[in-house]
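In the two complexes that follow, chain A is the common piece, with chain B as its partner first and chain C second.
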Partner chain A sequence: MKKLLLLFMCLLLSACAEKEILDDITIVRTLGFDKASKKNEIKGTINYPIFINEQTFKMKYLTASGETSKEIRNELNEMTAKPIFIGKLNTILFSEKLAKEGIMETLDTLQRDPGVGRAIYLGITKQSAKHILSDDYNYTNSDGNYFSNLIKQNENFSNLPLLNFHTFLYAYFADSMDPVLPYLSKQKDAVKIIGLAIFKKDKMVGTIDEQQILIFKTLFQDFKEGSFQFSNKAYKGNLEILKSHLDIKIIEKPYKRVRITVDVKGRLTEYTKVNAGDPKVVKSIEKTIKKELEHNAQKLTRKFQKLNIDPLGIGEHVRSQTRGFNLKQYKDQYQDMDIEVVYHLKITESGVSQ
Partner chain B sequence: MRFFKTEKSVKSNPAVEQKENKHLDTNILWQETGISDWESGYIESLISQERFNKEVLRFLQDHQQLSSKEMFEQLPFGNKYWEDEPDNKTINEMILQGCVALKKRSSSGMLFIHIMKEEMARSINVPEIEFSVIGPKEAFNEELETNLLLIQKRLPTSALQIEFIEIGLRTKTKVAVLYLKDIANEENVETLKKRLAGIEYDHILDSSYLIQMIEDNKMSIFPQFIDTERPDRIVASLIEGKVAFLTQGSPHGVYGPVSILEFFAAFDDYFLSWHIASLFRLMRMFAVFFSIFATPIYVSVITFHPELIPDDLLSTLTTSRTDIPFPPVLEALFLELTIELLREAGARLPTKVGQTIGIVGGIVIGTASVEAGLTSNVLLIIVSLSALASFTTPVYRMSNAIRLVRFPMIILSGFWGLLSLALGLMMIISHLLGLTSLGRPYLAPIYPPILSDWKDSFIRLPFYVQKKRPKQLMVKEKQKMSWWKKRDIDEFE
Partner chain C sequence: MNLNKSKFPPQVHEKAKIAPQLVFFLVIGAQIGVGILGFVRYIAIFVNQDSWLVVLAGGIGVHLIIWMMFSILNKHGGDIFNIHHQFFGKWLSIPLSSLLSIYYLGTAIVILRTFIEAVQNWMFPGIPTWTLSLFFAVLTLYIVTKGFRVITGIAFFSFVLTVWIVFTHYFPIKHGYFINLMPFIDHKLGEFYQAFKVMVLSFIGFEYLLAYYPHIQDPKKAQKWAHYGSASTTIIYLITTISTLMYFSPKQLQSLTWPTLQEWKIVTFPFVERFEYIGISFFCIVILINLVLAIWASCRALNRIFDINIRLSVIPVSLILFLAPAFFTTRFQVDELNNYTGKIGFYFLYAYIPLLFIISIFKKGAKK
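Up next, the complex of A and B:
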């Protein structure tokens, strides 16, 4: 009897559970943050679907400004018919202007919210985030998945490295690493990834342009899909990367020389002028591409050193390979460190020929 | 009808006994036979008049000179009994069981001859509940003797023990307990016999009465015995080392101890190839989980955890729910109740009408309620699928239990979502862990884990792999076969 009473009392607690019935909530799919005109204020934009009937639904956006993201949320809540639900969020966008001043202040509440997943995507927009969210790109974004799918498919099947909320937070909270995020821009009818935004902690300090995304990816992680466009005076072509393996090793301790070795296996998919079926020719192409890759990679690492940032996480690799790692000493020496990049390229296929 | 000298297990009801003691039954027809001074007593509807006239009376006439004791010795009947000093109680009992009492007025003592009327029993039919496409198609009927015959025919061994107990203060129902002497665990046999003997109840009309009275946990909704209408299934269980009982007047044999997994094994599984049987069994297990948890998961996800819905389903689910006035719990309960009503109506109506109700009701009510905006079409699919899944359980008792378990789960998930669903699952599991069947663990091959018994649980491996009887039954003879050597199938010694 006592047990039953206890059970019954437990049932009374059910009033404490917060109900979020699917059709009674505003399901926010994308969040955008901009700098507001007032000082110290940011402008938040939410993008959510409204369902008209089973076949048609469209995205609606709302904007409000406030000093914190919680304040923005409250402001927005005062405008929506159904309470705002943030659990199905898939992308958070920041305008470049805001990113240059730091985004962690805004991200912090979202980072603490257990309802927000870590597999969602972050992006930096060249234009204002509101400008990007206010368009539905000829129904492309009618389900609210456009931005996340755009980033996801580029990460899985193309040159964009794997970047999401989790990797951002990892890089941000690591002692000697800095985050990178996709850099988006609105074109006529679509949003395009025009490069990577590089950060010093949570402040954006520069960009990597489109051509160098792949180089960055090879230096950043192992992957299995990507393509590299190469050209010189005599010919141009395209190398489809089948496999890329990254290895970072200290050559001279402490913190003097680091070698990044990248093993790349690839397939020649496009090639002008010379007969690519000839093994000799393939060898020479291999050499050319290798040189180009190494040259570009060196340019990147030098750029990072100049900005005193470490998006590649070299510091993390060094730390893991050094007993008694001294962070302060490493940071002092980082800009003068010799970062060597070596590519081992192997072209395994050159397509059907003859 | 065979006359069974039963073990007197019934603790008699004193009130009933006194009444019976004082008077002879008024239905008994006492009359002079007209042959010397013999008088006879019997109940007309019980005995075979033809045999009485042709065999008993003729013999009396031919041997008029014999005294009653001599007559008893010479009577050419198998079922004859002699009482030196019969009291009214014995006389009543014997006559009510289909005996003719014969008494010579001049001498003491009474003799009884059992010549009960051959009953008009139902013929042996095809199993209706546990129908199998392949395999024998004989089912028990209401006659205990026929049922025993069906079993003995399949088990011509002297190890087969049949013990009779009489249960029911008024119905005096005969129950036959069956087991194989050299295999079955004696503890199991004793437990079952003791429990059966301990029953004090007015009337036992079917073996399901007994099942409910001897279950280990009578509060549990999970059945702890399997009742089957297939004699082959009873035989298989006996050979495995289980104990079975048959009840007079019941077309179902019952056996135990059982584990929960047996309820999802159709006997058909043994007739099909083991690959297919295994697939079917796994399918049934999946169906059980689906049936119990599909609707509750839907309810809790829609109500409390919309973040769990995949992106592609978001619009479908949202739009399907937009016009619905009820919270998801009520919506789900409403639909589940509709399906249960359909099932119940179908079960109560005559077969032909029942079928129509099922189809018409399912289609018409389902479609109409979606169109009227009372339920969402996604939920309709889930509910009808889970109802369908619950019908795959081969044992009727279990499939009912599964359908019942679903309701508290739905209500719970309406309270706290997945949290309370997990709580409910925990409660079910802890209940099952504590449950026993004839004192043996109910979850047996799973917990306590007995890996060797898994060969015939979730899956059914080929016969040559199953060399031993299930360990959980603690049988006397563990080996099922000793002759299976690794050799070519056509190689002879």
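Up next, the complex of A and C:
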């Protein structure tokens, strides 16, 4: 009898919490933000699937503007048949124009929402975010995962550094570090990562172009996959990076000289006009690539110093190696600091054929 | 009512006693609570990258206090209430023991309110405080009436069911930066002391031992296990601290209310995308044992002072546990509540127990 009563109570309790059935809510997969025509207003676009029948669904988008993201959400809610939920959000896009004016105000609301994950991706779009979200790219985006998969895939298997909502917030809040985000552009019927958008706190101040992404990645983190295109007068080719390790050290205190050392191990996957089986040739290729890497890296660090930003987080490394770190003094000296970049390159293989 | 009950050492039936090894689970179960979801932020305010050192120091401090408690209890027999009676006489021992009972109840209220706040913020924003406190109060009432052996069983299961959560720190450590732990020891002694004081709140819980000591078979053997339990707590806290410091930049950490929950946001498995919801649900088990032990200790105190049956006194006490959380409505109030409890706990552990220890050195021990 007691057991029966218990079972009965379990059945009673099962309907207590508020239910959110998948078919009855609007599951937002991508959010896009643009500048609105009215001053101080932003335009928000949501991208969500609608179910046509059991197997097929289609992405739909809706746009509304308002002064805050909550206002936009309310506006959008007034347009949808089912309430909006952002728990399955996977990408947030900002147009370049909006990013230049700062994105933290918008992100702050999302940051406070426990429903929004931290492993989701952020991206800056060259065109308006609405323009990017209004296409389904020949069914590529029919499940709403296109943008997040695009970024994830490139981070894991290609040159894009690991960047997401968490890394953005990490850099934004850090004393001497500035965020970086992928920079996207709509091509004919695909979206392409055309570089990186660099920020000063939450305002976008410039870009790094496509060829420089890998260089940036070597200076930004350790990784195991990437490829570098090199060329000089005699030959050109491609280096596949198998391992890259980064080390930042202070050479001259206080805050005068810093050395970034990158150990790269890789193999040649493509080369023209040379015999890569010859150790002498490999040595000379190594030298060429090293020079090119160092040259490009120097260009990047100078660019950052000129803009007075620190996307590499050099300041964080300096702080960790200095007792009684003086942030103000460091910031004053940052632009004149001598940043050396040294690459140690080792080519281990050159493909399966000699 | 027999006010002279605490004059005599407590008589606990052999069948109601627990094996000394189980003290391990009781200590660890009572120490680790809702505090682990946010304590790193509060110590990082003062010492930032050196927080892990404070955790270590806190752990060592606890070992010292445990040692003192056992030497008092071993020498004079019985429990804290009997010792109060021996040291301070009948009339002074009654208010002292009553204060202790209130303190035990207070810790339970703090734990419950803080946890409910986390649930309200993360899972069910609209849920009224009383529904959750009712749920926990009824469950606590039920378990406490079943006696101390059942409580020990709950402590065991609470440990076994939740210890795996430690491994989720692998993900934030993987994504974190070691440079956030450097440079080593770059703070003033005063800052360390302040952080140490804050850290005490996370370690309290082992002082219930003062109440359940007579329930242990061969209590002298249990000291070892109490130390093991506390050492495990310290290790778990160390892992939490290091992963939190590595994963967040210092100012980012200060912007978060529950850093540990935020860390779980990147823990994803193929079968569960958002681990924080699993984590917070499992914490129901973690805090249940906190509550049960605190309420039991509080009722046990009433039993020893006023000779009230635990089965009777637990009803009004859990009624208080049910009602009290509703009085603290804002984040600020919950924060203050935690602050005060931390302070009281600090003085209780690091002033009152050493005082008792010193008195016990000069007092003659109990006859064998």
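The rule is short, and it goes like this: the second predicted complex is superposed on the first by the 335 of 354 C-alpha atoms of A that agree within 3 Å, B and C clash if a C-alpha of one lies under 4 Å from a C-alpha of the other, contacts with A are read in each partner's own complex, and residues count from 1 in each chain.
Rule of thumb we're sticking to: contacts are C-beta pairs under 8 Å (C-beta built on N, C-alpha and C of every residue); 3 or more make two chains touch, one makes a residue touch a chain.
Note that the coordinates shown come from a computational prediction; the quantities given were computed from them, not determined experimentally.
J.: Applying the document's definition of touch, where does A:Gly117 land relative to chain B and chain C: first, second, both, or neither?
T.: both
J.: Is A:Leu184 touching anything from chain B or chain C once the two structures are fitted on A? First, second, both or neither.
T.: Neither chain B nor chain C is touched by A:Leu184.
J.: Contact-wise, after the overlay, does A:Ile27 reach chain B, chain C, both or neither (first, second, both, neither)?
T.: Only chain B; A:Ile27 stays clear of chain C.
J.: Return first, second, both or neither, reflecting whether A:Phe57 touches chain B, chain C, both chains, or no partner chain.
T.: first
J.: With both complexes superposed on chain A, which partner does A:Ile132 reach: first (chain B), second (chain C), both or neither?
T.: After superposing on A, A:Ile132 lies clear of both chain B and chain C.
J.: Check whether A:Phe85 is in contact with chain B, with chain C, with both or with neither, and answer first, second, both or neither.
T.: first
J.: Under the contact rule defined above, give the chain A residues that sit at the interface with chain B and also at the interface with chain C.
T.: Of chain A, residues 17-18, 87, 117 contact chain B in one complex and chain C in the other.
J.: Taking the touch rule as given, give the residues of chain C at its contact with chain A in the complex, in rising order.
T.: Those in contact with chain A are residues 49, 121-124, 126, 175, 177, 179-183, 186, 248-252, 255, 262, 265-266, 268, 273-274, 276.
J.: Could you please specify the touching residues of chain B with respect to chain A in the complex?
T.: 302-307, 309, 311, 314-322, 324, 327-328, 414-417, 419-420
J.: In their shared complex, at which residues does chain A touch chain C?
T.: Interface residues on the chain A side: 17-18, 87, 114, 117-119, 162, 166, 169-175, 177, 316-317, 319-325.
J.: Spell out the part of chain A that touches chain B in their complex, as residue ranges.
T.: 11, 13-14, 17-23, 25, 27, 49, 51, 53-54, 57, 85, 87-88, 90, 115, 117, 143, 145
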